[in-house]
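Next come the structures, one after another.
Shared between the two complexes below is chain A, which has chain B as its partner in the first and chain C in the second.
And then the complex of A and B:
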């Protein structure tokens, strides 16, 4: 059932929910971006509809709520270990369809990939997802080609239309709240994108042989290895560990899990001094093939959800979608049936 | 030919090498101009000048080849420029009311440049509004960041943009991009301690390299915009020298007040016999001593708590 609410009524819903849930949504951090007086859109706690940014794409994804950039897992002293506490409240996360598809990938990696990951699972179990209706694609989006433009597995759906809030509920708790604060409307379904300005096509016969293509070489020089593409990506999940020994007393400390990037120096460092993929083009190859080849080999569907954040955030204007569109030619090159 | 050259100069026209010929000096505060005003300059150059223009070192436009008798018509044509640039004017249609204080120049600032820490043009225009028309020989320049592309250390007042880096530890992934950038491009004020970053506030010059290079928004800019105010640099004949640091982490209001206070100080202390009524402020300060200057400059100035005032102030440079 769909519901229509005034923004005031929706704020009452959020206030009611706020008793049990911490509510997270993309929001504007004024002046919070790289350059002076440029806003950053990223996830933060919200208390009102007005705080939810629906006009602009978020620069960073919801991912950091389930996989914080830096997360203390446990504290240790000489003989004891104490797990770090987890957020007390449950969480509601507002997100677009591409990101809701990204949740499936995170679950695949952290819950269904051998033993479930304890720290991911204890956060994941707290979350309800509210789909943000997406009436139009942004310039760099390519969700339609990645098949992530539409989602049905939400707890509730949300959309602003003409200053009114439209909601749909699947979770009984939402249904009850919306019946109380909203008026029923027939036939509301959240908007979804049906075409995107950016299109991608990935060769059906893409294989590891493409690693030998020269297509990667230009990124040796173009890419600066900063890792923004990974940190902004909703499906990049690599982490590294840090053991900290407190400076006042090195017998106590903590273990942290920290986001890692396959584009940044140090990612492949191994004991004994080994290090691999030193060239940035090699790192680009690794990242691209992980997103559109390796993951699919293992799980049967693509890892990349086509949100385009990596394109938006790259300071060197390297476009991931443009690379995907070079793969056909790269395959021709390594098959030897291209123009070469 | 009978011409009051003092009035000519005050009216922003130059006494040139060529007898009977002047040049119009168009001051463009902050160096930013709406493009639809360019035909005004073109028309003056073609109808009254020699058809050429000179882009001045202080971001003005000088139109050479104008006959002195055409100054009133040129002033009439200048009016849309003066109106649109918000130049304070004593009487409409009479051109610029003063030219003693030089054009307030600025780099392109944060309207365009990724390094810019503030809107240099807007601040330049604000200073213009506060001090013009004025005959005293002041040079003021603004630059968006400590790269100092505007070379503000060659000015009486150099205003250098700064941001106070804000660090959100929980967003830091120890990629070390900030530490490397600070070491290689700035002052090496960052170091890694237990996989997180410590900033040496004493060393930090507020350039924003850490923010620019951070891939996760662990580093962001402060909401407040800060400045380093440097004093009494100069080019010229006797003792060219760079401006020295006066206040680090100072705010816009304080800078405006200090500049205005300096006008009062100069009026009280300028050599009454200075040639052309012009004396570089620095030479006046050399004569009265810095303490006397500071007494005037800091009167009724409420510096922010974080401001760091340098003391004592010493200038060097070349002495001929």
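And then the complex of A and C:
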């Protein structure tokens, strides 16, 4: 069942929810971008519908809510270990279809690839997802080609149309709230993107043999290995362990995990000096194949959700979607080598 | 659903510290539980961090961890002595299935600290010679000062063909000089088609040893390797050990060569 609400009524819904939940949505942080006088759109707690940024794509995804960039796992003293406590409130997260598909990828790695992850699991079970209807794609989006433009596994759906809020509920708690504050409307379904300005095509016969192509060479120079693509990606989940101790009491400290990037120096360094993928082009190949080949080999579906944030955030204007579109030619090059 | 917190380590007592070289010691740790040769533990000391270390020996109520002093964690481990404690979690990964080698000729080629993960396999056949047909061990180190498990090598000679070699013997006539690969062509292998091989060591040493073994007629599917990679979790999450579509911590560190040969970092 769909509902229509005034923004005031929606704010009452948010206030009601706010008693139990911390509500997170893409928010505008004016002037908060890396570049001067450019806004940053990223996730933050919201209390009113006006705070939710629906006009622009978020530069960073929801993932930091489930996998904080820096997360304390436990505290230690000389003889004891104390597990870090979890946030008390449950969470409601507003997100677009591409990001809701990304949640499935995070679940795949953190709940099913090997033993389940305690810290992810305890946050994950606190979350309800509200799909933000997405009527039109942004320039760098390619969700349709990645098959992530539609979602129906949301708890509620949300869309602003003509200054009014339209919602649909799948979770009984939302149904009850919307019935109280909104008026029923027939046939509301959240909008979804049906075509994108950016298109990608991934060769059906893509294989690790593509590593031998010269297509990767240009990234040895173009890529500066800053890792911004990984930090902006909603499906990049790697981390590094970090122990710290307090300067005013060196007997106590904590173990944290912090977001890691396969593009940044040191990712593969082993003690004693060993290191793999020293060239930036090799790292690019590793990342690209993870997103559109390796993950699928393991789990049966593509990792990349086509949000295009990596293209938006790259300081060297490297386009991930452009690389995907070079893979066909790269495979031809590799096959050609094999035939001679 | 409540899941257990795999990241919390447990204290384990250091029963014995066995020095091999200036920078490599074996820490014999109190440990109860099943461990497979080739598996690893995440060893840590709060404040200094955590590192994956292969099991180099499996005893009654103990495991051995042979640790090289090369990093932040391992430097601190070397400050710990018998009676003190280290944090452990594990064991993790897929190790060597010694049942696969039952009744077969086994060629083991190991270089440097690569001897550690295969030591439990060697010990298995030392104590149960009836389970193997014949074991040949070629082990290489840089110099006399770098030799690990020196006493073990002497003991192992009772049960198996042992070739211990160093890259540079500094003129010492009692010590073989040369790379491990030099000894593979002349190795006595009665039935290469059925023989099994295990190769562990630095990447270049593994590559050339495998080439030499293949030339001897040992089949790809009868060769096993063990890989060393950076790991922060041991449970398929942190991503550091991923190569192509495998996670070394989950799918390895021991791989059959038919799987390992196509993996490209």
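As a convention for this text, the second predicted complex is superposed on the first by the 336 of 340 C-alpha atoms of A that agree within 3 Å, B and C clash if a C-alpha of one lies under 4 Å from a C-alpha of the other, contacts with A are read in each partner's own complex, and residues count from 1 in each chain.
Quick note on the criterion: a contact is a pair of C-beta atoms (placed from the backbone, for glycine too) under 8 Å apart; a residue touches a chain by one contact, two chains touch by 3 or more.
Here the structure is a predicted model, which is why all the values come from computation and not from measurement.
Taken together through their common chain A, the two structures put chain B and chain C side by side without a clash.
Here chain B and chain C are compared by how many residues of chain A each touches, and C touches more. Using the contact criterion defined above for the overlaid structures, shared-chain residue A:33 touches chain B, although it does not reach chain C. When the two complexes are overlaid on their common chain A, residue A:208 makes contact with chain C while staying clear of chain B. Of the two partner chains, chain B and chain C are each touched by A:260.
When the shared chain is aligned, chain C comes close enough to touch A:116, but chain B does not.
Remark: in the superposition on chain A the angle formed at chain A by the CA centres of chain B and chain C amounts to 110 degrees, rounded in steps of 10.
Once the two complexes are overlaid on the shared chain, A:73 sits against chain C while remaining clear of chain B. Within the superposed three-chain model, A:228 lies in touch with chain B and out of touch with chain C [touch as defined at top].
Taking every C-alpha of chain B against every C-alpha of chain C after the fit on chain A, the minimum distance is 10 Å.
Chain A residues in contact with chain B (one complex) as well as with chain C (other complex) are 242, 244-245, 260. Taken together, the chain C residues at the contact with chain A in this complex read 1, 3-9, 44, 46-51, 68, 70-74, 203, 228-230, 232-233, 235-240, 242, 244-245, 247, 249-250, 262, 264-265. Contact residues on chain A toward chain C in their complex (touch as defined above): 73-74, 76, 81, 83, 109-110, 113-119, 121, 125, 208, 211, 237-245, 250, 253, 255, 257, 260, 262, 267-274, 276-277, 282, 286, 289-290, 293-295, 297-298.
Residues of chain A that touch chain B in their complex: 29-37, 40, 42, 59-60, 64, 68-70, 226-228, 231, 242, 244-245, 247, 256, 258-261, 264-265. Those residues of chain B whose C-beta lies close enough to touch chain A in the complex are 110, 114, 116-119, 144, 163, 169-177, 193-195, 208, 211-218, 220-221, 223, 225.
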